[in-house]
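Multiple structures are listed underneath, in structure tokens.
In the two complexes below, chain A is the common chain; its partner is chain B in one and chain C in the other.
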Partner chain A sequence: MPMPAGLTPSRSLPQIAALVVVLLANWMVFPDFFQVRLQDGRLFGSVIDVLNRGAPVALLALGMTLVIATRGVDLSVGAVMAIAGATAATLTASGHGLGVVVPAALGVGLVCGLWNGLLVAVLEIQPIVATLILMVAGRGIAQLITEGQIVTFVSPALAAIGSGSLLAVPMPVVICLGMLLLTALLVRGTALGLMIEATGLNRLASFYSGVDTRAVGILVYVWCGLCAAVAGLIVTADIRGADANNAGLWLELDAILAVVVGGTSLFGGRFSLVLSVVGALIIQAMNTGILLSGLKPEFNLIVKALVVLAVLLLQSPALGMPRLRLPVVRARRTRP
Partner chain B sequence: MTGPADTPPLLRIEGLVKRFPGVLALDHVDFTLRAGEVHGLLGENGAGKSTLIKTLTGVHPRDAGTIRMDGAEIAPRDVADAQRLRIGTVYQEVNLLPNLSVAQNLFLGREPMRFGFVDGRAMRRAAREIMRGYGLDLDPATPLGQFSVAVQQIVAIARAVDLSARVLILDEPTASLDAQEVAQLFATMRLLKARGIGIVFITHFLDQVYAVCDRITVLRNGRLVGERAIADLPRLELVSMMLGRELAEEERQTARAAPPSGGPPLVAFKGYGRRGYLEPFDLEIRAGEVVGVAGLLGSGRTETAKLAFGAERAGTGAVAVAGTAARLRSPRDAARLGFGYCPEDRKTEGIVGELSVRENIVLALQARRGWLAPLPRREQDEIVARFVRLLDIRAADTERPIQTLSGGNQQKALLARWLATEPRFLILDEPTRGIDVGAHAEIIRLINRLRANGLALMVISSELEEIVAYSRRVVVLRDRRHVAELDGEVSVERIMTAIAASA
Partner chain C sequence: MTFRSFVVALAVTAGFAGAAQAQTKLTIGFSQIGSESGWRAAETKVGKIEAQKRGIDFRISDAQQKQENQIKAIRSFVAQGVDAIFVAPVVATGWDSVLKEAKEAKIPVVLLDRSIDTRDDSLYLTAVTSDTVHEGRVAGEWLLKQTGGTCNVVELQGTVGSSPAINRKKGFDEVVAKNPGLKIIRTQSGDFTRAKGKEVMESFIKAEGGGRNICAVYAHNDDMAIGAIQAVKEAGLKPGKDILVVSIDAVPDIFKAMADGEANATVELTPNMAGPAFDALMAYKKDGKVPPKWIQTESKLYLPDTAKAEYERRKDLY
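Coming up: the complex of A and B.
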């Protein structure tokens, strides 16, 4: 597989540095932070916990990265998680096996994504408004599926998706890694990544070059819906139930944040899936760190905001101006 | 005050040498500027114009040579020092502060003071007075950014001149101005000329040289080619001074030499049009033929191109390719039919600025193959290398964003984008607009070469001489309607007559 475009050392430095700083800070407030132990064939420890808890947002960030790279945004991913979770829980509770439940939940996610894609790419409604519709309506749909109840289930098979492990690695982490590989293969193993970046940077020029900008638009939202459904499935499996009101609540914002922290511009264009996942981990590492440090959870939001601000400042073209602009000016001047 | 031989000229540069690592950027260049003249400094990209200016104003230290002003030797250390020596410079990108008012910009760093405070009223009054001197009655309290680029440029000039400049250097000031703004700028230049200021004017546009310059100096590859009065310098001679070769006068006639063979035309539009967009037209184009499209701005030239490429959908009519009816409802359809299109507005419709030169070149081919069949990187590199060589695309690194290239090279890269798809029919909308003279000639030569290789081309241009140079037939448009199709001996006069004829 080709090297992911945009994952150059200089570009990925701010994110990696931020992750290292946050992890070190966690280690300082909680010396056992990096301790990992094996118990019942599964790894445990704070670091593992960061990976495990960060998986849903990382999954959302994967799909969100593609959407944002086309200069769009998907506000409905949290609601789609709820719908997929509700679907999975209700079907499981009524006695269906994994062979039905998983495809159904993922299928629901695909349909949601298709809906968003049609609104944005075919009807050309602004992404923020188009996906707001499902963001609002989605929770209603999820409640209709669960008939207003919190549906719980007993199904070791489904629960294993949330709390099981594979080769000692927690299942959510395994699934997230798998989706990262799959998504990377989808966009970098094919020419889709180039089409996405071209469409995001200059839709008209791409259209005039024969790029099927409409299909690209639909595809990214469909993939985003799928990623959200996987995340919803994990959360539902983890809590062994579906809460239509609270599953995935506000996670769309964390996902957008993860993508932006990962260096993909909201104006579309160059993107890096790996860095978006790093962005999600930064956010989760902070959540965990604040929890471990014994600080009040209220601080969580403020500290999160500060760290995000720091990463964004490092990427800011305004602050980088003297460094980034000068070579250009100099190049012009030395032009013989 | 045009200096007779006995009084020293305003500015005299002799034997200027500037070396950059590995390059001799200026090789003993002489340059003379008289008071009260507009002196064009011309040359292709890389000829040394900018280096000359920057060495003159002290941005670059010089390696040899003398600079004299009124006969006295000077040695500016930087731009501010040059300004003190009464040499003012205005660059293409206005380097003023758009958020500050016109008055603040004019007096930045030398505000009139009163009791230790900036005297805003006096400043605004003086600013208004200054701008009136340029024929602009504007409110000096308005932020500069709210004015057009032309006005901003005039404010920049006013500031430079008010800092007591006697030599004013204008480095490609017209690059981002429209025709009316250019006229406004020229009026300002003539005004300053009458006041005895010597103006050095750098431009790529020949029309502007003839419109405003008194004399010109041409540089090529860092050497002085010559200095001439513009009044007795034929255009073709000026171009060949800049290009260093006789502009292919012979190429002008070859286009019409070989009439295409029989059989069905490659592309045939019949009753093709859309209500309110373009009146239905009939047009046939054969392989190995260039059809020129002429008309005034807004006459429907670009509309013709967009309909022919499926970028806009036709409401009526049919299109046949090589004798069979074809579906043409999107650029994708067009690309599949072997069409290619280089739009007029390169920046918003052509290049994807932040993608690399390579990605821009392979984009159309990749789109036609579909995203599931990615071009292997090795194959991409081969394609890019081939077209960089074939079209002489000057890019330091094809992995850098295409927006870092000059206009001419961007245009060539766009041509490469379509040539990589091995098209049968190319539509070029103003392919030579906004590019320098050297690239200009190359693109005209390229059009002829593609035609000779059997491509069918539709070329839109507002430069009639150019159209005549490569077209066998010319379609003339007026008021969104194809009003004439000229065949046989096409000349500028015939096209002009057709454009001007009343309906």
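Coming up: the complex of A and C.
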């Protein structure tokens, strides 16, 4: 399959249109929005900020898309970010190199994901409850690791993950693109994506058709944990410290929002990784736009809510695309 | 422990207790909120040190952010018959009935670091808190003096609607209002965190001609300032020189930044709330001197010259 399934022009139009509109709005409030220059060998500009700051939520959205496609949800990603970040910072502060720190942080993410996967797919606890456990406990675990402090470190190598660059592109953007490719390869290069969608649409039918729904369930949560750990590593590297209280706080909600804005249904089934990333970029473009606009901070959440509402209305089967409006009209006509 | 050693231990303890009684050793119970931040942990540690200095038996109960645990702790202190109770109230309301119990037992209550809403202010002896409005004022006045009154300031606010954010803004705004050369050109919330402080500062720098229009950044806490410092550096500017950095709290890491010349000033929110409370209480117990209802802690300004020494002094407290 050359294109990721679900990325047909008519289906991706609302998201792309929304991103363009938000970017144009940013350009109107701040004319230098698209201006990009090199600063210390790194691209520098507001539009780069959108990509760079959007990377953690985009990463979370990748894993979350797969989870949501199986009709699940993972509320613990923010806490997993905090745990991975705390692990990385504490190990670095005690003198370990990247060769230990990165595998350890990612390993912690995998373990967290496995925990969620076992609760949901094996013990069949409802995802929202199962992952709530780690959402609450995870931050406590992170605080235990950091002993309640903000653990800071001096390590140019680790800091480069957050604020370095590859061919002038900020490292978080590079990492995010890499994870997008890797995830797409994993689910679209194999039949896994199809199995995920099938499991989400009808778990029992998929099971009887020979899909190992249990394994699929575990795998999506493990992948989600891994993505969260990568995001946690980036955030920690960026501020050169692990803030267990605040790292990734409420980002699970932004990630879910990105997936939903990206058009993946919370009822599972068809999903698109690229559109989830676009969803994350829409959210970040709004955040950056608000910061540039000079609006009072009291308005931040209201503006955000209005834009999200607009994007969701665009996707509403009853209101949005003409293609989708037709059956509704027809249905009305057939009524007596 | 054998029976004999137990008896000996008991006798020794009793002896100590008797001796202490002779010197009227005070026993004070302290219901602490928890240890959610470095500052809170420091407040507890400093409290222990200050108690030791004065020979006070200081019993600390950690409420883990829950009011019901604090109420239980206060009841238990009343039952133990302590000489006084300190409370760092986690919320402002709902204290009347439990404080009445303490009052009926004739045990004075001192509020630390936060105040409460009550119609009957005889329920507590005094409240020891910092004046967060004044903290903002001290930061503003330093900037005024440093820049000679002409400066474009960007402000990193705390969490929207939180009382330290509102008050620290208010105090700073008072100074700005009196000095037309001092202007707040951008203000946004950085949620009191390093990550948001950095992100917001990045946008400010881009919105203000690559940072050229910005003379100083005023952050409502040190953590946001530390994030902002990184953003300034990544934009190719020198924090502390091209853009002045002033913030509030005086946590150890800002002293590190000041020692490196990347931050210029911080206003202390002292973790020593218990010290003044002990002094007021001891004077009250000894001579019956009733302290004022509000004891304001000092909002001291720290500059880079003492940064190194202050960092060494503080790093183990937080």
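The rule is simple: the second predicted complex is superposed on the first by the 317 of 336 C-alpha atoms of A that agree within 3 Å, B and C clash if a C-alpha of one lies under 4 Å from a C-alpha of the other, contacts with A are read in each partner's own complex, and residues count from 1 in each chain.
Criterion: a contact is a pair of C-beta atoms (placed from the backbone, for glycine too) under 8 Å apart; a residue touches a chain by one contact, two chains touch by 3 or more.
Everything numeric here is computed off the predicted structure, so don't read it as measured data.
> So, A:270: does it touch chain B (first), chain C (second), both, or neither?
first
> Given the touch rule stated above, what does A:39 touch, chain B (first), chain C (second), both, or neither?
second
> Kindly classify A:150 by the partners it touches after superposition: chain B alone (first), chain C alone (second), both, or neither?
second
> May I ask you to decide whether A:252 touches chain B, chain C, both, or neither, giving the answer as first, second, both or neither?
So A:252 meets neither chain B nor chain C here.
> In the overlaid three-chain picture, which partner chain does A:30 touch, first (chain B) or second (chain C), both, or neither?
After superposing on A, A:30 lies in contact with chain C but is clear of chain B.
> Is A:207 in contact with chain B, with chain C, with both, or with neither (first, second, both, neither)?
A:207 sits against chain B, while chain C stays out of touch.
> Could you look at A:74 and tell me whether it touches chain B, chain C, both or neither (first, second, both, neither)?
Touch partners of A:74: none, neither chain B nor chain C.
> Does the superposition put A:198 against chain B (first), chain C (second), both, or neither?
Touch partner of A:198: chain B, not chain C.
> Quick check on the output: what are the common chain A residues between the chain B footprint and the chain C footprint?
No residue sits in both footprints.
> Which stretch or stretches of chain C touch chain A in the complex?
Against chain A, chain C makes touches at 35-38, 41, 157, 160, 186-189, 191-195, 198-200, 202-204, 206-207, 223, 226-227, 230, 234-236, 253, 318.
> Chain B touches which residues of chain A in the complex?
The contact residues of chain A facing chain B are 2, 189-192, 194-195, 197-198, 201-202, 204-212, 216, 269-270, 328, 332-336.
> Taking the complex as given, what residues does chain A use to touch chain C?
Interface residues on the chain A side: 30, 32, 39-40, 42, 44-46, 49, 53, 148-150, 152, 163, 235, 238-241, 243, 245-247, 287-288, 291-292, 294, 296-298, 300.
> Going by the contact rule at the top, pick out the chain B residues touching chain A in the complex.
So the residues of chain B in touch with chain A come to 18, 20, 23, 25-26, 45-46, 48, 50-51, 54, 59-60, 222, 309, 311, 331-332, 334-336, 341, 343, 348-355, 359, 363-364, 366-375, 377, 404, 417.
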